[in-house]
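Every chain is named by a letter (A, B and C) in the order it is written, and numbering of its residues begins at 1.
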């Protein structure tokens, strides 16, 4: 099992390496000139050449790449942003925390609400509760996220004016007492988290309801039922345990969402985060930031996969011996 | 629960999800095919005297920023939206099935190689690619379809690969292999038919998700060009003015949701029938 | 983004207070709210203002974007600030100035009571040092053209500094005072490379009315009042908080919900809705509109891109013989027909919600040389446009709705930069109107950088919908004069010896009346020849909370005199009291 994990790990590192290399090449070859951010097109050619030299873009691509790789691997240094002159590592970290907060809470909400409702609906199959919740969840599942966000905004921020329409915290956040600060965070996060969370919940709902239904109709449950096992015991011990397995891989594969940033939610709700960082970086051709953000995106996908693998190995004894 | 294999048709119809799904999808397809004939106005005809009119008897869904009739645009847009989703799904299935079969059937280095590509693509920052494409090239329908398919085929390939591997271990296939059939015939005649149910389900789910993703791509600027519109572009145009002209985004949003629900219902229903027939 | 301001590259010093458009509706005029009585002025309060993008830096030397300049303007002082009367300046860091006898030197007397926020006094040496950085191309300051006439800056003592010029000119004062003064003691040792990544860019050491407290990326920039500001008791406000809001819908939502006090660049529809509310006595936001600094136009490529590609850029003789006219727009009649096919009044109205002025010629409305009667005006007349095209041989012989001449179809691509909603709207309207006369135009949006690099500089386009920001100095050299033929902004490849002669004369003229005559001839010439089809001149829309007093908003922007703004104690909002007793 350890051997299997290690070989998976090596494969992942190779994937990471190739992926980042591809991104590096694409962005450097794509049209768009970072120096145009800093001088008007009318500026003398020498000024642009000076900028290119300063960014290290006057060197051949392979050399830029090896320099970048060396710094990134050895010193964990991803360079300095062309646009803002800040350390890229720091910029990505700064953008990561609001993104993790948003997507983490949304994912948590999605899993809890989705799985709970899914189980409840499965138990009450074809009753009113099941039909009602299933219909609603189907609607959420079918909505583009930004559209749902706009509707929630229109209702709760504009019409009712209960909640703020954007930003992560109020501008007077620092002036508040401790409890008020927490409340401030909550108020600002309710709408974006529920937008994203409802859409996550809808997919978890579908999966867990289906899995639960399958489990409930499986033969060993029927047998247990025949044996007269109490219904609650039946549901939460046997059926639930079995239906959770496919859910774990679903959770694992949704982990990259945590890092990729939810650009549309960020734009609609005016939140800071990785999505906006990436968008701004692409628009300004800020190569170091793009590459670092891409690296994070690869990394997240791989970690998600790896974690799903590990959890599977732990949970499913059949795999342990294979 | 019934095990009467011969009664497939009636089983399909007696499944509630399938039934409603088919009705909705049928109506939507009908709308896409003949709807434009009933469009009250030319969908690209600007009428600068009738800008941003709220829904009324004259314009049931209101008019947009250029005074174009939104109902007509919605009806014509259904062709584009469904066309894009269906072609993207087709392309996705094609790539996914072929590569999945190759990986699952031949295993070895080909399998490893293809699965690493899948891994790389799954981790690929999509936002980056989309923004780059939008910024650099002329955004066309073909481009939208390619992007949609390029980011979706990996899931299908994985599914097909896993299924293929499990079919390969069945006695039934081992027997076929023993007959000495060539790879091609084996795949076509023995493996593919066994994938049919799974593929049918994922096709429907894919079409549904393509519609939602297409609207998100429009949000980022990748999609149809003016004066034409898909539902996605109508939706993102409405975003510009949510407090004023709410109707621009509303009807397109509803259209998308209904269609997506339809295809999802169908996909779910098929999935249920399939899992029932297994037990 | 920055594409909107490459303009005549003097876009910092913007002149003039002009009232707003005299359109049908009563658009509120420039806000100029006097205090009731000087004795009533109270300190305290918070301004919540919107920025439409994240500033790239707060270093005056490397800032290019409008948001960055706006914040910097509150943190750093200049020698003098331009007035709304187009020509004069008000003392700021300099108390007074005089011209030395040979008319080629300006002497500034500086204040002695101004300190950098770290306590070091501001002296003439800082001014001298600032010029050294500004005039060194390696630092990449984009106001460099202002300084080309200056040979030397010498600090005589702590409070006296002299600017020496190559030759006398009318713009000596403007050239000298351009740009914020930088702290020598902080930046002395920095090489251009070091400055690029210096802490100074994020934590500027300024001397202006406000100081940076905190900068949260993608969220807020918080400024507090400078307790040592020389002009005590100004500034009156405790805090200026900039919220970074790139999304227009979001901006409007925050304005309506009271999360913002001040926003500019409002979309016309939102502005109209605000104005309506204000007129009905509802809402606290006073709408303010003012003649902006931007105009949009269609540029026609007058030569075939392929012939430009094969041109030797070092040889400037006989250019015109080596170029082939553009297959469509090489003909002036065609350009005239296309101009007449466009209902530019309607396009302006729809795109700008009546907040615009028609523009018919090359001279910006806010500059002194503007004379509306000098331009040739092409009235909207699609029927006449069709006639003109048909006379040129463009006819629809195969009845497909598109004109053709021989094998050539009348179809082309019109480019504009992405991220500008007005231009996107205009493009869609133009497409429809051209279709009506049988011309197939395909709109295409391109990212700003790519547009410049791949299309504008190599002139690989047919038609371009674009805009300029207006600078102070009256000149059209870089757009149309043959001496700048290979200049990136000369992208129409317009070439006219008549124009060259007229423009040379106009710029050389010392007598205003004589210069005006030349500019009138130029306006007539260009509006006849139509290298551009001018579309509209933009009116800017802003809104500000009514509790602020003594606010001046005009072409110079919305942050002209923030140090003078104050809030009556009775009108304070709860958050205005948050910082009352804090330093």
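Everything that follows uses one rule, which is that a contact is a pair of C-beta atoms (placed from the backbone, for glycine too) under 8 Å apart; a residue touches a chain by one contact, two chains touch by 3 or more.
A quick note: this is a predicted structure, and the numbers were derived from the prediction, not measured.
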| item | value |
| --- | --- |
| Farthest chain relative to subunit C (centres taken as mean CA coordinates) | B |
| Comparison of B-C and A-B (more C-beta pairs in contact) | A-B |
| Geometric centre distance via CA averages, subunit C-subunit A, whole Å | 39 |
| Centre distance in Å when subunit A and subunit B are each reduced to the mean of their C-alpha atoms | 23 |
| Interchain centroid distance [CA atoms averaged], subunit B/subunit C, Å | 46 |
| Multi-chain contact sites of subunit C, meaning residues that touch two or more partners | 249, 253, 256, 447, 449-450 |
| Two or more partner chains touched - positions in subunit B | 135-136, 239, 242-243 |
| Residues of subunit A whose C-beta touches two or more other chains | 31-32, 150, 153, 158, 283 |
| Footprint of subunit B on subunit C - complex, ascending | 248-249, 252-253, 256, 267, 269-270, 273, 346, 350, 418, 421, 425, 427-429, 431-432, 442-447, 449-450 |
| Residue ranges of subunit A touching subunit C (in the complex, touch as defined) | 31-33, 36-44, 46-47, 50-51, 54, 80, 83-86, 91, 94-95, 150, 153, 157-158, 161, 164-169, 171-172, 174-175, 267-273, 276-277, 280, 283-285 |
| Contacting residues of subunit C [partner subunit A, same complex] | 1-2, 6, 9, 48, 54, 56-57, 62, 64, 137-138, 140, 142, 192-193, 196-198, 201-202, 214, 216-220, 222, 241, 243, 245-247, 249-250, 253-254, 256-257, 259, 447, 449-450, 452-454, 456-457, 478, 487-489, 575, 578-579 |
| Parts of subunit B lying in touch with subunit A, wherever the complex brings them together | 1, 116, 119-120, 122-128, 131-132, 135-136, 208, 212, 215-216, 219-220, 232, 235, 239, 242-243, 246, 249, 253, 256-257, 260-261, 264-265, 268, 271, 275, 279 |
| For the subunit A and subunit B complex, residues of the former touching the latter | 11-12, 14-16, 18-19, 22-23, 26-27, 30-32, 138-139, 141-147, 150, 153-154, 158, 206, 210, 214, 217-218, 256, 260-261, 263-264, 275, 278-279, 282-283, 290, 293-294, 297-302, 305 |
